[in-house]
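Okay, handing you the structure first.
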């Protein structure tokens, strides 16, 4: 996140930065940097996934019950929205590489829009959980012998989707930064890698959701 | 190849003056100095806490501070020394300064991220200081649940946030180092011509990248539980406090290697420079860094032999931990063999190397004690552990850091430190260190638990020895702060290469110009090729 | 104890094993420390720089040497590993004839109960020559019971039983420490283990104020107070399985899988009955979470244990060197009679 951010900032001062000899070296370095950053992100979510796997093993019934409380339609729509946003992001990268300024701006804006749609749907899902007292804490209420395990499920649900949503918000914030730059024509076929590495970040965040959706919404539902 | 000159010229220090030229710099060398100032500050703060702890332990009764204050003291001592001194010290100061020079690069790959990492570090540091002012935190640096999540009344959330943010700063530094090492090496500088310090920094960066985020998410889960009531580790809900320990040590054991590996790299540089000989078994030393980095990820469970995890997982973690001893031993034997047929001189950095070897050997061997299941049951969470990790962290990392700082000081400042004072300080550190921490091994086997602010009277003699040693140690640390500062203005001017060492960093002037080299150097030889240098000189 | 000991007292059956391991490692460490220090000093002196322009020699790689100093330490650490693992299993696998005590840890005290019913705070009296197994649980944070003279230690967790055993060999009074940092008074969460000759121990047991109620008896009372016996009939019923002869058996679970009916499973079945249902039964039992404290849980479990163990061994608190155990009458026979 911070990485992409400072990169975007670096883009202000002419394409070739002083520490590099060639643009190609600069592009290679940025891309590698983003991959390393993504590896780091995998470990970050890995901690949550580990907790999920351990607790699912310890509390299978509670996790199935908890999973049944989630709205699979909204979750499914959100999955579709994110996959579509990955497509618009990929198109944005292509537009940057081929120097299509207006298309680039449009696709970035489309990605931002879809990301926002995702967050709005997520907001309604969260609000519904609040209404039904499914948010862990003092107000949590679930009539079942497995209430504690269900509460644990929801603690993880909010931690995992919350961390994912935070990454979406950061991505959206970066897009707000990128869109005017794109409109001004700062990204050219020679200098498209800021868009490319942002694309890597965006796809990564999507992929995390592709794992979260089945684990939280689908597994053990039937 | 740039030939060193001693004529006054523009360098990174005198190229610009003024606060802004420092606070907005993107020069890795200036950022290294910013880090130097910051880590020194935190070292002093953490050291003062250690001083009060040792003062309290002079007597068996709790007569200096209250139990609550004592608990905060050792917690803050741990958090500050680990997150704000040991982890950044060598990479962010010496690594930041030397890595581009050693690679023949103009700067790190991402200078802005480098500067940002310092600001993020300072933000975390300010948050840490804020926690201190508000009354501190008392969970121990290990943040064990459910004490940290449910029972502690101190500022756990803020302290965890400080650790979380500090982690970000290490991640930024690590991305920079990994990418720089891959993409910014001078022509001809292939992987097996890299100085061993670069290998060590690379291995460290990989560990930082893979381990730090796991700590980050563990701390996030603690913060969520405390602030939003998401009881992920709450035993009342069926949450598992031991799972937190697994996640925590999955980071925090590799964190030990984050702290020690760079020091091992520094020692390789110093041994070569002061024996004027290629490091013995170069490839073995390089790969042992990577082996330690990899094995370091597989041994976290050895912190949990008595935690209630299964006996059989104890077996696995024990045997894997034993294996870490091997690459560490390989390094020690290779350094010793480097001295053989060397041309050994005894400047201060070399004294630190000799001290380091002794302390690291003891620290490493006592690690085998702790990895031994039947023995760990007795010494776990006693002063034996405290002594062991101080031998590694202070005897190892800090000796490496001080040795490296003296070695590269002329390069960083263009001035030589006063040799006599420096030797005296090195001696004080070595003697003071052993007097402080060796008695703690005995105390630990006797059964004195760690984190005790009062203790049975029969442990007093050893505790007094330890406290006495700590005053000598403190003097040994204060001296360099004074004479190094003094030398920045009054020290003798250093040439480009005061030690007659080889390595790209010695081929540019001292202090180096902003972009390090007048022309990009071309490397045609192995690392530490002292024979070749001889031929050239001759 | 002297005023300035350098080595801890050894007062349990495993202490000697741990000390042997320790002394062996001290010897190995001393050997390598001296070897390396001597080599370093020798090289540093012998190969000191005699001329400012002198450089080192060319001897900088030797595979045979590398292999040697890889293999030798590897052999040593693997040897130490196996040795350590053996001691470790001795430290944690309690002998079958161990007498069962319970401990509840809370900020900042230790609460022990003897099988005969005596309760103690921060002090534990035990007979020498008798293996003692302590089942422990915490009411709040993680604690750790450490008995340095016995060379044993075990973390005490909230929500989960852990066990520690030892056999004292020497009468005396020994330190008892909490070694997992647990808050303000962590350093005060200490006490004594008093090991006594069996006769002295019996006298001590008899000397308490009034005859204590053994946990088995108290558990039997609780069992009917809480109306457990309305479903868990001795003969088994349609609503709940019989608990006679259950302890230590492998139980088939509804939905597949099995579980050994140990202390942990009994505890879970009381607090969270739905978690693992016995095959052939419905999850209709109410949870007793929040209604039974840790102490009463121990009593209920002691009672269920007394309903018969698979090996038909004398129940806990009975047999072995103790003859004057109050309430130590064979509990297997009275289970049927005392049920309404």
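By written order: A, B and C. Residues from 1 in each chain.
In this section, a residue touches a chain if its C-beta (ideal position, glycine included) is under 8 Å from a C-beta of that chain, and two chains touch if they have at least 3 such contacts.
Here the structure is a predicted model, which is why all the values come from computation and not from measurement.
Trainee: What chain is most central when centres are computed from CA atoms?
Mentor: Going by the distance between chain centres and the overall C-alpha centre, it is B.
Trainee: Can you name the chain that lies farthest from chain C, using the mean of each chain's Cα atoms as its centre?
Mentor: A
Trainee: Go through A-B and B-C and name the pair with more C-beta contacts between its chains.
Mentor: Contact tally favours B-C.
Trainee: Taking each chain's centre as its mean C-alpha position, how far apart are chain A and chain C in Å?
Mentor: Measuring from centre to centre gives 46 Å for this pair.
Trainee: For chain B versus chain C, what separation do you get between their C-alpha means, in angstrom?
Mentor: 37
Trainee: What residues in chain C touch two or more of the other chains?
Mentor: Only 272 qualify.
Trainee: Find every residue in chain B that makes contact with two or more other chains and list them.
Mentor: Residues 236, 238 of chain B touch two or more partner chains.
Trainee: Could you list the positions in chain A whose residues touch two or more of the other chains?
Mentor: 59, 148-149
Trainee: Which bits of chain B are touching chain A when the two form their complex?
Mentor: 100, 105-113, 116, 120, 168, 171-172, 174-176, 178-180, 182-184, 209-214, 216-218, 220-221, 224-225, 228-232, 234, 236-240, 243, 246-247, 250, 515, 520
Trainee: Could you pull out which chain B residues touch chain C in their complex?
Mentor: So the residues of chain B touching chain C come out as 62, 67-68, 71, 138-140, 142, 144, 146-147, 150-152, 235-236, 238, 241-242, 275-282, 284, 305-308, 311, 314-315, 318-319, 322-323, 325-326, 329-330, 332-334, 336-346, 354, 357-358, 361-362, 365-366, 368-369, 371-378, 380-382, 442, 445-447, 449-458, 461, 500, 530-531, 533-534, 537.
Trainee: In the complex, go through chain C and note every residue touching chain B.
Mentor: Interface residues on chain C, with respect to chain B: 1-8, 14, 17-18, 21-22, 25, 28-29, 32-33, 36-37, 39-40, 43-44, 47-50, 52-62, 65-66, 69-70, 73-74, 77-78, 80-81, 83-92, 107, 140-142, 144, 146, 148-149, 151-155, 157-160, 162, 175, 177-188, 272.
Trainee: Once bound in the complex, which stretches of chain C touch chain A?
Mentor: Listed in rising order, the residues of chain C that touch chain A are 272-275, 283, 287, 289.
Trainee: Quick check on the complex: what are the chain A residues that touch chain B?
Mentor: For chain A paired with chain B, touching residues are 2-3, 6-7, 9-10, 17-21, 25, 28-29, 32-33, 36-37, 39-41, 43-48, 50-51, 54-55, 58-59, 62, 136-138, 148-149, 151-152, 155-156, 158-159, 162-163.
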